Structures are given as C-alpha cells and as structure tokens.
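Structures given as structure tokens follow.
Okay, so chain A shows up in both of these, paired with chain B first and chain C after.
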Partner chain A sequence: MQRYFRLVLFAVVLLVVLAIPVAAVLARTYFLAPTAQPVKAQPIQFPHQVHAQAMGLDCTFCHRGATTSAQATIPALEFCMNCHKVIPWQGRPELEKLVQAFESGQPVQWTKVHQLPDHVHFVHAVHLNFGFQCADCHGDVAAMGKPGVKQVRDLRMGDCLTCHQQNNARTDCSVCHY
Partner chain B sequence: MRRREFLKLAATSATGAVLFTGCGSIGNGNPPSEFKIESPVWNPNDLRYGRDAWFATAAPPSIGGYGIIVRVFEGRAKKVEGNPDFPINLGRSCAKAQALVQELYHPDRVGAPLRLAGQRGSGQYQAIGWDEALGQVAGLIQQAPGSTLLVTEPLNGALGAIVEQFVRATGIQHASLEPDERVVLREAMRRAFGVESFPTLDLANARFLVSFSADFLHTWISPVQFARAYGAFRQGRPDVRGTYYHVGPRLSGTAANADRWLPIRPGAEGLVALSMAQVMLEEGLVEEANAEPFFKALGLTPEQLAADFAPERVADATGLSAEQIRELARAFAEQRPSVAIAGTSAAASTNGLFNLVAVFALNYLVGSVGSEGGLILNPASPLPDELPANRSGDAYRRWVELARQIAGGQITTVLVHRANPVYSLPPASGFQDALRSAGSVVSFSSFLDETTMLADLVLPDHTLLEQWGLVVPDPGPGYQVVAVQQPVVNPFVDSRAFGDVLIQLAAQLGKPLPWPSQEEAVRALADTLRGLGRGNVAADHPRAYFVTMQAQGGWWDERARAGEASPQAATAPANPEFSGEPGQFPFYLLPFPSDALGYGEFSHLPWLQGLPEPVSTNVWGTWLEVNPRTARDIGVETGDVVRVVTPQGSAELPVYVNPAAMPDVLSVPMGQGHTAFGRYAEGRGVNPLELVAPQVERETGALAWAATRCRLELTGRRMRIARLEGQVPAFQLEEFPIIQVTRPRT
Partner chain C sequence: MPRWGMVIDLDRCIGCGACVVACQAENNVPINTEDVYHQRRAIEWIRLERYWDGEYPDIKARYIPVPCMHCQNAPCEPVCPVYATYHTSEGINMQVYNRCIGTRYCSVNCQWHVRFFNFWEPKWPDSLKNQLNPNVTVRSRGVMEKCTFCIQRIVKAEHQAKLEGRDLRADEFTTACAQACPTDAIVFGDLDNPNSRVAQLVNSAVNERGYRLLEDLGTEPSVYYLKKVDLEAPVEEHSSHQG
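This part shows the complex of A and B:
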C-alpha cells in the first residue's frame, strides 16, 4: 500500500483537477438558467396581483397585441392613465412614478423578464389561438405581486421543442428561425 | 516530463478553463436596449405590432413628384415603393425616392433649431428653442423686408402657395433655384409650343424615338415616368419593338439602351436637328403643311434651311457624316409615330435654347405634337391661381446679380429653403463670397450643407415623409394631376414644417396668412379641388373627399388635357461657344448629372452614393472618362490621377478609360465635391462646377455648364477608383474551364 501511495495520490489529484471544469460548466448551466434568475428590478413595481387577481382583469385587457400579433405588447402610459387619473396616487410612490412619467412624456423602460435566446421568433397570437393559456408559459403571473414577475419556464430551445413535439407542432428549423 | 511538472501544467490549464468559461453570461455582446421593453407614453392609433401599414404620399417635385407608398412598421418608415394607382408611375419608383427613408433617419440630421456659436462657416452651433429662433427670424424680416431675400426651389403645390402668400404679405424678395437646364427647357416649351409645363412622351404607342443628349431614363425631368413608358415602347406590344436612336456627346446609361448611338460634338444637337429637317423636306418625307410651325419656331425660311443646313455643310461641325444624318432623318420620318426630345447637356450649351427648340420643333414636321405616339404637352395647374405649378427657376444671370446685391448690402438677410446655392452655383458666380459677407443668413435645411454652414440660424424643416403637401408633378402624364403628400410617421426630431414656420412668422409680423397651418392649407386647397366638380375622387363630403384622395395618393382628371400648341416666338440658330482656346485646351469638358446623386442634392444618402453609375459601375466618387486612344496618347490608364485645367480652374481626378468616350470629350459626373452636407457627402470627389467657366446660354441667361474646354496635366500619382465591376479579373477554374467559342475551321 505504502508502495502505491504516491500513485493513488496522483490519481486522486488528477481526478479532482479534471473534475473542476466539468463541475464549473454544470454549475454555470444550472445557475444561469432563466428560471434560476432572481426577480429583476423594474422601474415601477407593478403588482400583477392587484390587477389580474384582485380585480380579475383579463391578461389581454392590457396586453392587447397578444391575440392578434407577434408581441403581447406592453400598454402605453396613456392606457394606464385611463384608470389611474381617477385613482388617488398622492403618497403612493409607485403610482407617483407612473403619473410623473406620463406628465413629463417620458416612456417607461421596463426590464424584460422573458428574454428568448437570440435568432428565434415567437408569435403570441399563434399560440393563444391554438388554445394555450398565458399561464402555460408565464406561470401564475396573477399571483405574483411585488417585487415583480419571475420567469417560471425555461423557454430555451429544448423547452420549445419538447412542447412542440408534445402538441404535434412542426419542429423544422424554419418554424422559429426565420 | 516529470510528474510534478505534469500536475502543475494540468492545474494551470484547468484553472484557466474554469476562468474562461466563467467569463461572460448569456446574451453577452447584446446592446443593453435588447433587455428593455418600453411603454410608450401615447398609444399610436395605427400601431399594431408585427403588422405593417402602407401610406400613400408624394416624391419630391424635383424628381417628378410622382406617387409613392411607404411601408410603416411600428411607427417607423421602412420602405418606399411606387404607388400602383398613381397615373404617372403606376407602381414604379426610383432609387432617389427609395432613399428618402435614409434622409429621415440620417445620423447627421439637424435635430433642433441652431444658432451660430462661433465664426461663420466654422460649423459651431448651439441648440436653441423654437420660440427664440422664430422671434429672431421675425425680427430680421421686420427690420428690412425689402432687403430680405427668400431662396427656395421653384414654387409648387401647397407649399408653393404658402410661400407665395408669405412673399406677397411681407413684401420680401423671392428667387428660386433649380438646375439651369430646366430653366432653358421651360423657355423652349414656351417658345416652341406656348405651354409653361414640361412635356411627356406617349412612348407606348410610338415606333421611333430619338433623344438628343436627354438622359431621360435617369436624370431628365421625370425619369420614372419615362422609364416606365420606355418599357412599354420596347416590350409592351407583341408586334412592335420601338426603335431608339441617341444623338449626343456621351454614352450615358440612357444612351447605352439605344439601338444606335450617334456621337456628336457638344452643343451640335440643334444643328443635327435642322439638318435632319432639311433632308426630310428635300426628300419629301414629310407633309408640307407640317413644315409651317417648324419654320415659325426657328424663324427660318425654307430657302435658308436648304442653303445653310444641308448635311454636307454641317457634317464637319456636328462630328457626324452626311450619310449618318440622312439615315437618321429617314428613320425619323418613316417610322412614325416618331418623337424627338432634347435635354441635359443639349440645354447646357451657350446655344442651349436653340438646340432644344430645333429638336422639339422636329415633332411638328412628323405631326407628333399632341398626337398618339408623339410628344404630349401638359396642361396648366388645375387651380392656376391657388396652386402654383410649372414655375421656372431663376437663371444664372439673375443669381450673379443677386450675389452682387448681397455683397453690395442692398440685400441684408437671406433665407434659404431646399436649395443649396453655395454648392449648385459655380464659385465664379460670387454667391458664396457674397453670402459669407451677408448681414444675416437663415437656413431651413435639415442638414448642414454648404449654404447652411454659412447660416447664422438654422430652423430645420421636416423631411418629405413627415409633412403635408400637395405636389403638382411636372411633367404630368398629359392631363392634370395633383399628388397628396402626407406625413407617414411622426416627426423624428424637433423640426418644424417650413410652411408652418412661414405661417407662424407671418402671424408674428402681424400679417397672418389665410391658413393656420401647413396641414390646414393642404386640406383647404384639396377642398378647392373638390369644388371643381371633376376628377377621380367620388365623394361629396369634404372629409370623405380628402380621405379618398389621401388613400388614392392624389387627384387627377384624364379629360383635362392641354390645348392646341403653336410656336410663340422664333429662336434663331446659333453655334455653341466654348471658353478656352482650342490650341491651349484641346478637350471638351462635359459634366453630366449623376444618375444617383443628381446635381448633388442627394449626395448625403449612402444608398445613392453606393449605387453604381450604369456604364462604368463607379461608386462613391468622381472620375474622368477618357477615350482609350486619348489615354494612350497622353500616357495614362484607369486609376492615374490627372490634373484637369480649364480657363476657370483646375482639379485632380482619376482617369477612367471608357471605350465609349469620344476622343476629344472628357466627361465628369456631378454631385460630389461637397465640403459639408453630412458624413457621407463630405470630402469626396470633385464638384465639376468649380472647373466650369461662367458661360451663359445666350437667350435665357442660364448657366451653360457644358461650354468649357480643358487640358490634362499628369501628376504621376495613382488612386483606386471605387468600382463595382472589373476590379477583380476573371479567373479560370480547373475543373470547369471557361468555354471559348471559336470559329469552326473550314
């Protein structure tokens, strides 16, 4: 045993050294997965809980493009103000930000939560018209209050392909990469 | 290798691998804006993400004022196409109109009113507010309205109506600038046919076309209209393929389309035309009755024509043989309907007016004036009092006089809109120096061009895709047409429409104009069209009428055509004169308007800079076209830089050896040589106007830019000409040898 000690030690050290990059790559994949990301900071902490759950608004009430076009679309501030001009906003910091942005004519730059990989097209209207619900991909956004919306589904190519196969949708490249 | 060394190496590389994998994250290299999504403040009413909208509007009057449609995607103008409903172009468009989107989103656009913050010409400006800018301009006009000069392009349509009202209300002076050959053509139309408007051609029914130097497929008055008609002329009929001869000193892209090119000396177009007439009359190829208006237009008698213009007498002066002139005359007389046009360099000689009148009068001889397959004259504007159209620009002679008045202090304030006199007038006019010493200069340009660089105040105008207007296309399709121009996108920067600015200035001066804004002026004038009770728009309610007109792209009445034409005044034959002794300056210098850049008003758009000239495929520069034999004689080849010396000045240009160039004619494209006008135009090539002697057309006083002689001096330097084709020689592949067709041995 004594005789082989140095050889065993060498083998162990070698394995450890070789395992480091493998572990690092696996860890990176795990920690950088979209679903593993912390909730992103937004310029205004918009509570979906209040609008979609407590008040029961349909998602497409605000995200009007979802059923007709590629993008679900974020409403214009003008649209928010249709209601918020009559809802008291004084002393409520998040609402003050909205009113201030509207009055100064400054668009609000939201941080994108669902960032698809590069070189892919996703069309909301097609998926909704097929019969999917918003929650199938976005999770129960209505239950997400402050600090904001979190991505619950991977939404990378593997995820897309799995779902397309399950639903007998086409999986050739040009379906999404065009 | 020892074990210890191996371990060291393994550990180092493993750590390195870990470090490098750790660097960067998903989406690295994407701009931060990719991770943002915006809530706009206002909901654009037509905004549908992922869907496009097409709006009809009008191309600028200077390229034909035809109807275009613009694809707008999420509030951004993306693509310009021809309006398929518009009678002039029926869906066709040109590169200049297509490049309008680049003007809209140009990185060097003036984004707000500017005030000079340094020396005049330094280009140092400071942004100011609109109220301050308007106040300053109003103050300048108020000080001395009589010594204020407004420079614009020729008045046309709704904007022309506003300018006209403004000039009348405030009592300022007005001058309009356009390429001088158009001034000559306008006068020729007036004299030969008694009309103010440019003519069109019924090529779809013609069998023979002869163009005297007119570059009608690329730059001459309305290229889109003529190019479309030319397609019908050549390929639109199953049994007839129209024949086209080109007579002129340069093989332009247009001339390269011809069945036959007859190279002649610059300025000899009129002489060839008279000689053709002599042959036709002598050989009895035309009816005697048709000859009367021809002789009236030229103030000649049949005896004078027979005596002085027989082919044998003029052959030497034209550069053709007598037999060539006879063949041309016979082809023209026998293949009817035939039509003859002249323009471009034919108008830019000292005898330009004679050249044009002589050629256009040929149409009288073959009975082609106003008849099927001939030269179709256009009627006046449908609202002659309200909607200006077919106005002529001021001739070079007047600009010299204006320059003298500015330098002498009789004119203290110069306002400039959509004109660049510092670039477009040759330095010999003295305009640039005069403007440098002028009291105040105000520019309404969207770009810091050469004239704007001398301005004290810049009040940027909207681009064409952002403003309202009515455009009366000149030439029309043979009947009355008005194109509607509407904003297809919201203003991109803090600019204001020129019409709005004039209306606000007039209000500040206490002389309000009849309309509150440019848009209201357009709507009011459109409603006056409704009052005519004719045309294509079928709607009674003013709003419905205007919306229908907007959707169709304009108003037209196919029954409103021009009346009978007859010559109004005689234009006597004249020979071209050239500046420079033939002994000292052996070559003719022939500038030509660039197919893509025109006279330089489109040089700021990179798409057009990159559009190859059709014959040489040269891009992004200026070159000198030299005949191969001439090049061999003086010992130069393509890419050698030579100094072109004229009595007026000199410039260094690269030689482009062109087998189709005439031995004693050196051609140079116009459009380059800008010292300002944005990053794509600046410091590129040479402006041939700097070489041109200030020769004027004898009768109109227009600049004769093709009336200068030159000589060449070698510099010993070389440069690479940016060219699309011919830079890389063809090479032979081993597996697939290039097949050579050889004559079979007998």
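This part shows the complex of A and C:
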C-alpha cells in the first residue's frame, strides 16, 4: 500500500508539473488582451505595405463593403487578378499561391484578425459615415509589412462603450447585441 | 424615435403557418422535432393557435398567430436578475443573449408563453447550415430567446436611412412574418408615424373590432388584434355593459 501511494503521488505531481505549461499557453490565448495576441499566420502573406503605402491605394479600394454595408469585405480573387494578371508572378512564391488559388477556383481561407464574438454585430458603414477613419480602430495597417496585420485596438465591449459614450452614440444593448 | 407595433387581422388570417416558417428561417430558430413538442419545449417565436368553434358538422377553425406582445409594461422585465431583458427606447422588449444566465423567471412571468428556453445546443443538418441568417445570433444552450420584431431588419433600415441622411420612411421594411403573410393579415410598423399602415389601422379598424390579448392585465401590449368578422355568429348584446 505504501509503495502504491508513493507511485500515485509521483504521478500526480508529474501531471501537475506537465499541466503548467499547457495551462500557461491556454491562459495566454484566453485571457490576454486581443492586442497582446501574436500575429496570426495567413495562407498568403499579403503585404499591405506594398498596396496601401507604396502604391497609395485607399483601404476602400479593395475593402469595398466598408462604406456601404456592415462588413468591410475581403475582395474576391478575381478582383486581385484584375491587376495581378499583368504583374509578373513567376518565381515569387506568395504570388504563385495567389495565381494557383485563382486557377483552381478555391477561395483563399484568410485568418480573421479582428474577431468579434457571434453575438456582436458591428456595422462598418455607419462608423465610417460618422467620420471615423479606418486607422482609428485598425491602426496604421498600411505600415504593417510581412508578418501580417496585427490588432492594435482592444475592441472589447469596454472599448466600444467608452467610444460610444464619448461620441454620444446609443448605448442600448440592442445596438450591437441581437 | 419610432415606436414599433403590430396589427394582426384575424379576419384575414387563414392559418397557413407561413409566418411561423418565415420566422424560423429569418431568426435562426432551431428545428422543432416531434419529441420536442411532446416535451413542450418547442421554440416558436410566433406560433399559430387553433381553436375549434362549434360542433361537427357546424364547425369552424379559428386561428390566432401569437408573437411576443412587446408589452410596454412587460412582466418579464423586472424579474430578470441580470437585466438580460429590457425595454429599448423604441418600444421593443429585447433579450440580450450574452447577458442571460438562464434562470427562466421571465418565461414564468410571461402570460402569453412567448419566451423560450434553449434546453439544448441548437443543431441544423449540414444542408441547412448555409441558410442561417448571419445577422442574427445563434443562441446557445442555456439562454432564453424570443421574438425581437426582427430587430436586425430594423437596425439595417435605420442604418440605411442614416447613410442616406434621411429619416426612416413609413413601412420601409417589415418583419419576416408580415412579409410572408399571403393575406396581409400581419402589419408591422411605427405606431407613432401617422403615415404608416399600422398607425392608420390602430386609428380606424382597431376602434371598431380591435383588442389585445389579455389586455386587462394592464401590460400594454404593442400587438393589436382585429376580431374575426363572422356574419353567421349570434349577435352579442353590447348594451348591457354600458349602463
């Protein structure tokens, strides 16, 4: 009995010690502020820097839904190909991925960076119409280069409410939750 | 600020159930199976009540579609311990799903039985996954849900009006049940806008044959019903009440 007790005790201690790093990783993803999350990997490393900064394209040139609807929308591959069919892509791995996806007809599964819960309904159009700039929430995306877009603003409910109160917007629950 | 309301004309209602189906599709209401009905746990934000009038063969079917009454003095609201149900400034009795902790007090206190509890995680067959409405939250297990007067449509219309820099027009949009009704029995709109159909009905037809379900409870429902016009029905004596 004594021997078994020591064995069980050892196993429990081992389990706890092993569980600590696992718990730490889980805690990091669950409890850290969204802005502290590491940059999410994307299937294609799309350089906003090239498009929005070097070429000076407006955000809404590609994210066309932003001014008219709830979703800012990510353009279809056909839209990318309007330009990229005349831009040499051979030997450039990220562009090859784009052309390959276009030719195979498989949409690119982008990873969502600014992830709101399902019970929150944010409408881009009214916020832009009020006079906000994309950068007010999304930061200087144009300067974000290869590793990808990072969330720079908290965008949790406290953040939304503070801004709504400062701008005399409605703070009814049903403005966002329905 | 609008005040949303509804008029349901029972003289027009044929009991087809299109409103029920439309509501289920619009609002991501889970599919009710037979055993769910037997357990009395079916979720129908608007339901069709059927009554039989008379004895066979002189029998008539009577139908009453019952959505949430959106009472202005709602009995469900003060009993919620976490303020998950509240009244919006536009007269809608709202349920905030992410606040709800599922005590079900509100459902006990509702006389119309139009609040529903999610006893299970809602499931849809794969073929129906793509028909879910992205503008409506899918309620998870353990929260109450109820008719919202299709608030996603209200919000959308209000945003559209704001983008175009104008006020909401009368009858610019309607709820799913009213839209699906083949006989136009359900009319939804702004009670405060004199140009809306619902306000005109409240000012005319409701005076003649209007009533509200369980009106004497004093909860001020926002849903008005118009009585069935039955020429064969025995004439009621009205004079005895007015002394």
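Keep this in mind: the second predicted complex is superposed on the first by the 146 of 178 C-alpha atoms of A that agree within 3 Å, B and C clash if a C-alpha of one lies under 4 Å from a C-alpha of the other, contacts with A are read in each partner's own complex, and residues count from 1 in each chain.
In this section, contacts are C-beta pairs under 8 Å (C-beta built on N, C-alpha and C of every residue); 3 or more make two chains touch, one makes a residue touch a chain.
Note that the structure is predicted; figures quoted are calculated from it, not measured.
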Contacts of A:Thr68 with chain B and chain C, given as first, second, both or neither: both
Per residue count on chain A, the busier partner among chain B and chain C is B
Item to complete: Name the contact category of A:Leu14: first (chain B only), second (chain C only), both, or neither.
Response: first
- Which holds for A:Arg3: it touches chain B only (first), chain C only (second), both, or neither? neither
Name the contact category of A:Trp110: first (chain B only), second (chain C only), both, or neither. first
Is A:His177 touching anything from chain B or chain C once the two structures are fitted on A? First, second, both or neither. second
So in the superposed three-chain picture, is A:Asp118 touching just chain B, just chain C, both, or none of them (first/second/both/neither)? both
Exercise for review: Answer with first, second, both or neither: which of chain B and chain C does A:Val126 touch in the superposed model?
Suggested key: second
The shared contact residues of chain A with chain B and chain C are 68, 70, 117-118, 123
As the complex stands, chain A meets chain B at residues 10, 13-14, 17-18, 20-21, 24-25, 28, 32, 65, 68-71, 73-80, 101-102, 105-112, 115, 117-118, 123
So, in the complex, the side of chain B touching chain A is made of residues 3, 7, 10-11, 14-15, 17-18, 21-22, 25-27, 30, 34-43, 48-51
In the complex, chain C touches chain A at residues 86, 88-89, 92, 94, 96-99, 135-138, 148, 151-152, 155, 159, 162-163
Residue positions on chain A within touch of chain C in the complex are 68, 70, 117-119, 121, 123, 125-126, 129, 170, 172-175, 177-178
